[in-house]
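Chains: A, B, C and D, in written order; residue numbering restarts at 1 for each.
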Amino acid sequence: MSAVLLRVRALSRRYEGVTALDDVTVTVPEGRVALLGPNGAGKSTLLKCMLGLVRPTSGDIEVLGMDPRRDPLGVRARIGYMPEDDAHLPDLTGVELCAYSAELAGLPPREAIDRAHAALFYAGVDDKRYLPVQGYSTGLRQRTKLAAAIVHDPDLLFLDEPTNGLDPASREEMLALIADVRVRRGCSVVLSTHLLADVDRVCDHVVVLAGGRLLADAPLAELLGTGDGRFLVRVKGDAGAMPRFERELAARGCTAAPSGASLECIVTPAGAGDTDAIWAAAAAASVQVRHLAPRKASLDEAFVKLLA
Amino acid sequence: MSAVLAVAKVSLLRAVRRPSTWWLSALAFVPALLGGWMGALGHGAMSVGAPLLIDVAAPLLAVPWVAGALGEVFERRVAVYWFTRPVPRWAPLLGEWLGATAALSLVLVLGGAMLAVADALTGSATIGSLFRLPAAMITEAAALAGLCIGVAALAPKHPVSVSIAVLAVTEAALPGLWAPMQSISLSRQVGTLAGVDPGASIGSLAGTAPSPSTLTAALVIALFCAVPMGLGARAVIDRDLG
Amino acid sequence: MTPVIEFAGVSKWYGPVLGLRDVSLRLAPGITGLLGPNGAGKSTLLKCMTGEVRPSRGEVRLFGRVVPYDDVFRRVGYAPEIETFFEELTAREFVTHLAVLAGYDGAEAARRAEAVLIRVGLAQALDRPLATYSKGMRQRTKLAQAMVHDPELILLDEPMTGLDPLARAQIVTLIQSLGAEGRTVLVSSHILDEVETMTREIVVLYQGQLLAQGNLHAIRDLIDRHPHHIVLTASDPRALGAALARLECVTAVRFDGADRLEVETRAPDACYAAIPRVATETGVKVRSLTSPDDNLSAVFRYLTTGARGAA
Amino acid sequence: MSAMVPPPNDRSAAAPRGEVHSLSYSRYAGPRRPRSAVPWVVARYAWRVQLRQRGVKVLLLLGGGVLAISGAVLGFAWSVPGMTGGGEADPVRAAEAQAIASSLEAQFIPGFLLVLWCGAGAVAADLNAGAFQFHFARPVSAQGYLVGRVLSGAGLAFALSFATLAVLCAERLAFGSTPLRMALTFAVGAALVTARATLLGVVAAGLSSLTRRKGLAQAMFAAVVFASSFVTRIVAAASDKPWVRALGLSGCVDARAAQWHGTAGLHGALAAVPLLACIGWGVVGAALAWWRVSRAEVMRG
């Protein structure tokens, strides 16, 4: 568990006039790592350096103990990469796409087909696997890309925005799959994303880049901290329910702040951990409480704090 | 009508902004250069340059320029921006045709005029031939633009290869097999209008061609333009676009 | 009053593939969210309105007339989900061109294009070629071209995919202001929370069929019609659990660790109402209450994993 | 493939035993092939897709028609003594020359169109569709990918020409050529057919890697093929220098064929022109492709 996945020392990469990576030094342990940052933060460039597709202007990089500059093909053979954009290989079916991926990684044709079916089964692509990929829905396409990335049994999986464009149910399943890849396969995962909620769910270590510089490199728990004594409350009721509830809360010495969603509020009770007042207020306002839980600092907030 | 003109204008603007347009245009001047050189050596500028311009340069200029660009617009569904405006669906096609014809004509007329000048300088060209070739090039530009736009609307995934395949059949394969088939060749008919001897351009395997007539030439050229355009417009109006 | 949008028994098949099945619906002015998982038929529904696809069966009427008719686009703006434009043009030229096609003369079109591009927040990038635009700027350009001719009906297909949280919030504000101007805005999305911040009126599609339409309450009721798991942490979970087990609406109670219990119910509404009452009666302090099932994604998940007749 | 989970209760050996297999993901411990196999993998999957396309089917049908017609016409001519090669010193040898020339020339338009369809836009389309990152994020080298694309672009055109050659050679065996001479003719013909397909494929791959736009790449390929043959033909005819014809992309292989029959009319130093032109086209195409692919920014963003 404590082995080093990625070691980067003083890594810089400049394109004409643009510094994509600026003196980044980071050591990442095996596990599930999130690579976070706004667009143009240098995430893609770092990924490219790891795959040996881009030569760093200066600095050292080591992936799984190998130097991608010296042996790019060796590194890539042990990495599975799920790109953000659809790699359209027109007219290939799901099975063919996966088998092709496996064969490119050196598996013999028979083994490739066998592994392709296993990977698609694992990723939850059903009978549609015999149809051309371009007709798939977004969710199915993401699953197929995941299957194509794990089909050759890599030791490290790069996922670039794997939940982009997925509906909530598909997103849940995709995240569960990603978590499972680590647990059952012992395969490390690097997740590049801007959807902070994803990170919350599956990662245990976070690397934050902004403007090509390293902003944070820490276990997720450290970044999030613990609760701050406030509660997130969601109620069910008619249009007047929320104002009524807020009045009752105020009458009991609690303060309510808007959370952004319509039937939700963030409540600071008068005494620490005093949920009784909230329940009483709800009863007096005759609203149903559908959600009541201590509010952790969200990654969103941590992120905004880091960027500021 | 103003919609057609607006589309034509933007089509021209887009063509000008594409870098490929500029180096494709260079293709139109190769015949004049080569013709001039051959003319200077005493081999006849027109007999070398004109077939090259009409048979090779013009189609190869028109196909990527018009079919390739418009095919991309259809394939990537960008055309939906046109078709969700209060204009009939054939209007953007007509506008594209107008723009493409104008741009192609400009380049081809220039290429043709330079060749005619080269011919006049090195040979014994009449004053009439100075105008005949450029005028013929306009008709070829219009016909090729129509063909390419029709093909792009009908086969948006493979506009260039289908256009080239169509031209390979009408210009090379069929006329090469059987002499009367030379009548359906666009370049042969444009050559008739331009007053150029077609002998050098078409494979000698097939024997002599039927005698040329300006009326047939005009008819064939018009059909070359109208048939694909009509089929393309029908496809755009009748079919689902999504 | 004629509804702005009216679908009458619309079905659409692409060959044998189902796009929409027997959708009938009427929409009035204001913002409406069009919800559904990937592949539910949201894009097809919008394309039926723009005439991009023709229904295989049934009719679509906009402003009381059957589409497609060319003139409808004087009153309709549409932002498709595609990512490309005429890449050689600048945003100003692109939107001006589309305004001219909408019937304005050159000067008026240019004025409108500039105003609308500034309104969507592209003031800094007006004269840059579209080829250099990022995903977020493309979404804004699409919105601008859909608004430039001041349409009464605006159709937006997934206008918020690929945006970071900040840009998302800006687009939501913009859409809200469009609704406040009295326009009809139909926004497709697969994220309930996203839609919920914009509007209370939603239409839910599932596998090409109309699953629900109306106020969010209707959807809340829909949520209440399938079984819930409710997770509680309490000071004395076993006492609370024993009391809850006596209720008819509770089908199972499970204990997990020292302070957690999980309640399963087939009548969520009654159960949520009963929990605080039972807690007070037994004198147990409930410290938190959460449920993975109290949202729309759970409905979709539930529908997907069988029991199709239940909803 | 599947890890066995021991049955929960195996104390009673007499009880019926069942096994539950885990269906979850398992590691791969099987063989891996050397990286030299990559071009074949790239080509094989490309062919599989090509053969499904309607355009390719039409073109193959066209090529098949050409094969049938030329086989029938030449077979008929050869079966009637004295009908061909009457004026030649060695009619048998002339007929063999005809077999090679037909497989090159009769199949030129179908072959060209096949390379145009399958090969000329392939690299550009890959670049545009993000397939570069698909390939190069896997253990695929630029060389391996390019060789694969040349193979996939020219493969079907080669198959057409080669089939024509094989049919015509078989007919010659039936109509009087000796097996030994036929073997030689066949070997030379095969080399020329291979050269033709390779040159078309390499030039197509090279040109198609210059742009992201598939259509533009295809048009450039058509322009190079037609313009080079047209210009060299006209210049050769106008200036009466037959060696100029051998400079064209299609002319160089045709001239090599003519040289083998002794009908090229190139003497002295000029005799090397066709071979040099072949090599030149190949080198230029390969250099273009290599230059572009090796410096491509593989991932966007």
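The working rule: contacts are C-beta pairs under 8 Å (C-beta built on N, C-alpha and C of every residue); 3 or more make two chains touch, one makes a residue touch a chain.
Source: prediction; values computed, not measured.
*Asks:* B-C versus A-C: which has more C-beta pairs touching?
*Replies:* Counting C-beta pairs in contact for A-C and B-C gives the edge to A-C.
*Asks:* Measuring between Cα centroids, which chain is at the maximum distance from chain A?
*Replies:* B
*Asks:* Taking each chain's centre as its mean C-alpha position, how far apart are chain A and chain C in Å?
*Replies:* About 23 Å separates the centre of chain A from that of chain C.
*Asks:* Rounded to a whole Å, what is the gap between the Cα centroids of chain B and chain C?
*Replies:* So the centre of chain B lies 48 Å away from the centre of chain C.
*Asks:* Chain A to chain B: how many Å between their CA centres?
*Replies:* The answer is 53 Å.
*Asks:* Just curious, how far off is chain D from chain A if you go by their C-alpha centres, in Å?
*Replies:* The mean C-alpha positions of chain A and chain D differ by 45 Å.
*Asks:* Would you mind listing the residues of chain A that make contact with two or more other chains?
*Replies:* Correct list: 39.
*Asks:* If every chain is a node and each touching pair gets an edge, what shape is that graph: line, ring, star, complete or other?
*Replies:* Its topology is that of a ring.
*Asks:* Chain pairs that touch, all of them, please.
*Replies:* Contact pairs between chains: A-C, A-D, B-C, B-D.
*Asks:* Please give the residue numbers of chain A that touch chain C in the complex, ascending.
*Replies:* Counting only chain A, the residues touching chain C are 38-39, 135, 137-140, 164-170, 172, 194, 196, 234, 236, 238, 260-262, 273, 275-276, 279, 282-283, 288-294, 300.
*Asks:* Considering only the defined contacts, which chain B positions touch chain C in the complex?
*Replies:* Residue positions touching the partner: 2-3, 6-7, 10, 13-14, 17-18, 73, 76-78, 80-89, 240-242.
*Asks:* Where on chain D does chain B make contact in their complex?
*Replies:* Per the touch definition, chain D meets chain B at residues 55, 59, 109, 112-113, 116-117, 120-121, 211, 213-216, 218-220, 222-223, 226-227, 230-231, 234-235, 237-239.
*Asks:* Any idea which chain C residues touch chain A in the complex?
*Replies:* The touching residues are 17, 36-39, 134-136, 158, 161-162, 164-165, 190-193, 196-197, 200, 216-217, 220, 269, 272-273, 275-277, 279-280, 285-291, 294-297, 300-301, 304.
*Asks:* Which residues of chain A touch chain D in the complex?
*Replies:* 39, 44, 47-48, 51, 53-54, 73-74, 76-77, 79, 81, 83-92, 96, 100-101, 103-108, 111, 114-115, 118-119, 121-122, 150, 152-153, 158, 180-181, 184-185
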